[in-house]
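Structure in structure tokens, see below.
The chains carry the letters A, B, C, D and E, assigned in the order they are written, with residues numbered from 1 in each.
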């Protein structure tokens, strides 16, 4: 493992904001797909999962950042995993204490936060090198990005699949829910559709950007 | 092959961390982790237990209308044993109204449905020896189909007076509870299936039958315990 | 010039509405029953002809020329004789500009083992040695021979061989001296085939009289009209190769040729004539070996590796005719046919005759769209009809413009119907190869999907309902792979 | 006289059967089935077929414009998808849901992958599977065949307002005066009550079911015509039907009271329609001849397994989708042996 | 309590509730390692192997923890055991079967963060399977994972030659394909349960 230059990042707005979009773990980096798809069948599940993950991110990030100078690199992965598992266990109990219904809805995916690649990836790439405060801010940003992405999925799936949002009925009593949206295929389809939309916007932007540089529109 | 070997070959690190440091770190981290987990566990344990109690209680009170208190019993081969006496086994819940009268006994049953097991809580009325209400605790049936078991009034009608009479020995039901095809219910121990959701309806029938077959002999035999237990509870 | 009155090959005529109705009705019939149709093969199961698996059944239209005896035409004013008419090294000229030559006189010599000499097809004077157009595109060096129209054009170069007393080596040398190449279209020097690899023992000579290309009937006529020369050639080849038997394979659409040969077969020699199924590409070496012997030439091997040598009937007839006389190859039989030809027929054509001259003689219709040297399946479309007939040209097919049906030309994406797999005689997966070609995965085509085995018979492109130019893709892929290898 | 001759590459002949003609033939072959469906189920079936076809064509046109690929409607494949979809839906299926199915089938099943030739599964079945998962109740609401009033009134669910739940048809059916209506198709009756509908009724199509799947006889005739035309690979329907019959046979021999006869299996449900018109979809089926047979037997066997042991009444749709999914693997594993290739002699480079 | 038959457990894990397509476990390798059939096959074998080993290990650990009444340490122990199991398997394979290591080696580290492995351990605990049931469950899950991976790889290899529009290139296409597969797998619902 080569010694990376330990560039200490200055705390800026970007430390937080880039997790929301530029480094959005779901839509851009395509990380943490399992919980993203599995628990996004309703908005409340999605947000709870997002918050739980954010807590683990921030907690483990802070601890790893604080201990970064004491952890030898040979055992760093093992150390990170143990630390992450600790925070996940805490979240697990916390959610049981808050609401058993929510716990039942999220199922094993709370515990599976441990193997969410976002967290280990952040620990390895950021927390192990940066000071406490930037790590905390960055973790919160990534967590917020994850939560937003989950909500984007969860809200669409809940609105179409049940006709509700956060359990509130949005449409009249005669509304026909699209059951497929809360079933497994719906998860894949909705995430795929979001990515299609972003691709489309991005490519349209690129085409717009190309247009004024002298390429005639009919050149295609 | 050769490439792999080269990549995997240990390149003796210039500043080898002593084994002791590694162990110390891992040990330290494990210690911190253990501490945090135990703290969290201890802190949340009573809350979780309370949550669980409230959840069961709510379910029981919903399935037995009018009930305000409940007592738990363990179903054993020897009969009913009040819960909390170190006996493990399936639980049944006796529910009482404000006047301490036994309103019904909540019993659970499981049946295999279209997409997996369906767990149902039934309200068993020892007086009429029938099932008079139900609540689905857990299922994975298709929304829009299987959930008709909770919403379809025609179907729920089946579960308002479902015959569960015991035979002469008191060991089993005279007529096992069965699900029959839509529109052909002729006996009080039959469940009229939902049209189009036959497998889910079958699951309900199986759940009711297993629950009744397991629990009702013991309940009928130890009926006195249920009412008596209530009085001791009042003391 | 010609308006083609006398003998219209049948092709849609009449008002505008009649063909429309006809086409609508035709739409309800099975594909195999329509012109250019493809048989499902179901009915053919009941025929007991030897054949190979797969292949296609294009419309043949051999009836237009099959009963037309071989005729001679006047000489063209100028004959164009490319030095590279055969596979291998181009011949080297022996004559100078202005030199007078006599019909049959050698005018170029072989430039190595895989090369053949060339003889003057007519008495005349060498006009030039210059570049000339070829069907392949790039111009190559050719000898221009101005024909003395007044000359009686007799062949005066009868050296005469006593072939029975010659050694095998001498016969092989004589074959090369005669300038003989495979007349079926490959134009591969014949004497090379007579010297098989050391490790191979030839036990069977297969005589290829299949002529599976649509429209062509020149081999058919040769079998009917030059039977004796053919049998002479076969005997000679059997002697040289040491083969124990010879089988003449003829498609069952030429049963009269089979009867004719059988009638003349000498009783004491192990030569047989067998009818095989009329199916394209029955005339391909590998296919015919499979049909007649049930053997497959191993990948990367030669027919000699399964003990077989294959010769075209035209080549053997020429060997049988020329070798005893000690003459050179100066003319060949060519079928001129196709929907755009007014008077199709079979002609004995001096090598070097320009295609234009031939077409003027048979007459072409104004609907002419395309002129093909060789057969309609594997022949080459020419850009100029000033190209000459060379030793390998077995036919000239003139097709009509088919702009009336532009939908036929539209290329659709591959719909994976699998027709090409059922057509490919060597069991490739042209569908996959085509997709790979479009993705420019040329290397994978060769390594994973046996591209190099393809001999470009065109069956896949013929059946492709999406009109994908598969054969063309494979040619490009192969040439790119060759370049990459070099 | 000879100016302007064209140069092309060999081969210079082409078989007179192109994609457009194949597709058109398939449409012709489906027309009698559509006519039977309309005769059997009346106006609602006609509207349903019109809606799916129209929506499929419109979606195809829209996506081909988005892609800038020219108008690909002319290849007729979208029409096939539309008609097939209509034939597989219950006759009273709400039109808005049918339009959703067509949109999803063409959009998600085809346009996303690049259009004709690149769809990995049958678009019509993707559309149907989607609405089956989305609207499970509506797609299993059957109405009686040959209702007396079928040409004067619509099935009430047909005109359900978009995004709304269709009303119950129980009362409407009761008012029809159709005798002994149980609300179940022959397949459902067999599965849950083990009552086998007489063979002739299912074969001729005098039963209820999806709009175009009822008459096995008619489908068989139309399918055979297509095969005779060379527009489908006979191996696929033949092996689907054989696979289904052979899988059903041992169970039926063991307990004819519980399990359906192979004959019933072939004639009931959507198997016949699916075998001839959907499993045989060229694009999504394996391209190799042996692959086609393996694929067909797989679909037939899986259909029967799902019917007998699964939670669903009819499994042919999922069987085909799974067959499509396995298609590339089957193709890859059944590459033909090239002429002259010797088993072990690949030593030479 | 769980009298589920072994074939039923296997079918359920492999097909009816396919780990990838119905349970969303192991999505990352499913999306990442499914573009080529060979790699997909090797990855599938590696996962089956690791699942079997870690399932057995998790069963032992759970027994120990329950007896010591230390259930709250279950997650930490599982993940630690799985990570070290993978490491051990890697070392073992490298030492005794270099050929196997060449084909599986690069996938083994990836599997540590494959949530199917931890998920399996958690589910088998939750379902209270005995030792044999756990192993069958692991085998079924691995087979299901491999099946999904192979189907996906076949489709993706085919689409690699298709004229896929720019908009749907990349992850979007893969997800939509996964959705279609998941839709097709719904056909297995109820299989092995209703009559079993």
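Keep this in mind: contacts are C-beta pairs under 8 Å (C-beta built on N, C-alpha and C of every residue); 3 or more make two chains touch, one makes a residue touch a chain.
Given the structure is predicted, the values throughout are model-derived calculations rather than measurements.
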item	value
Third chains touching both subunit E and subunit C	D
Label of the chain whose CA centroid is most distant from the centroid of subunit A	C
Centrality ranking, top chain (CA atoms only)	D
Reference subunit D; chain at largest CA-centroid distance	C
Where subunit A and subunit E are represented by their mean Cα positions, the distance between them in whole Å	22
Centre-of-Cα separation between subunit E and subunit D, whole angstrom	33
Centre distance in Å when subunit A and subunit C are each reduced to the mean of their C-alpha atoms	68
Averaged-CA centre spacing for the pair subunit D and subunit A, given as whole angstrom	40
Interface hub residues of subunit E, defined as touching at least two other chains	72-73, 76, 163, 168, 173, 176, 179-180, 183, 186, 189-190, 193-194
Shared-contact residues (touching 2 or more other chains) in subunit D	108, 114-115, 117-118, 130, 133, 135-136, 311
Multi-chain contact sites of subunit C, meaning residues that touch two or more partners	413
All chain pairs that touch each other	A-B, A-D, A-E, B-D, B-E, C-D, C-E, D-E
Residues of subunit D that touch subunit E when the two form their complex	67, 108-109, 111-115, 117-118, 120-121, 126, 129-130, 133, 305-306, 308-312, 315, 317-319, 321-322, 324-329, 332
Touching residues on subunit E, where the partner in the complex is subunit C	160-161, 163
Touching residues on subunit E, where the partner in the complex is subunit D	37, 150-151, 154-155, 157-159, 162-165, 168, 173, 176-177, 179-181, 183-195
In the complex with subunit E, residue positions of subunit A that touch it	30-31, 33-35, 37-38, 77-78, 81-82, 85-86, 88-89, 92-93, 108, 111-112, 114-117, 120, 180, 183-189, 191-192, 195-196, 199-200, 203
Residues of subunit A touching subunit B in the complex	63, 67, 70-75, 78-79, 82-83, 85-87, 89-90, 93-94, 96-97, 99-101, 104, 161-162, 177, 179, 182-183
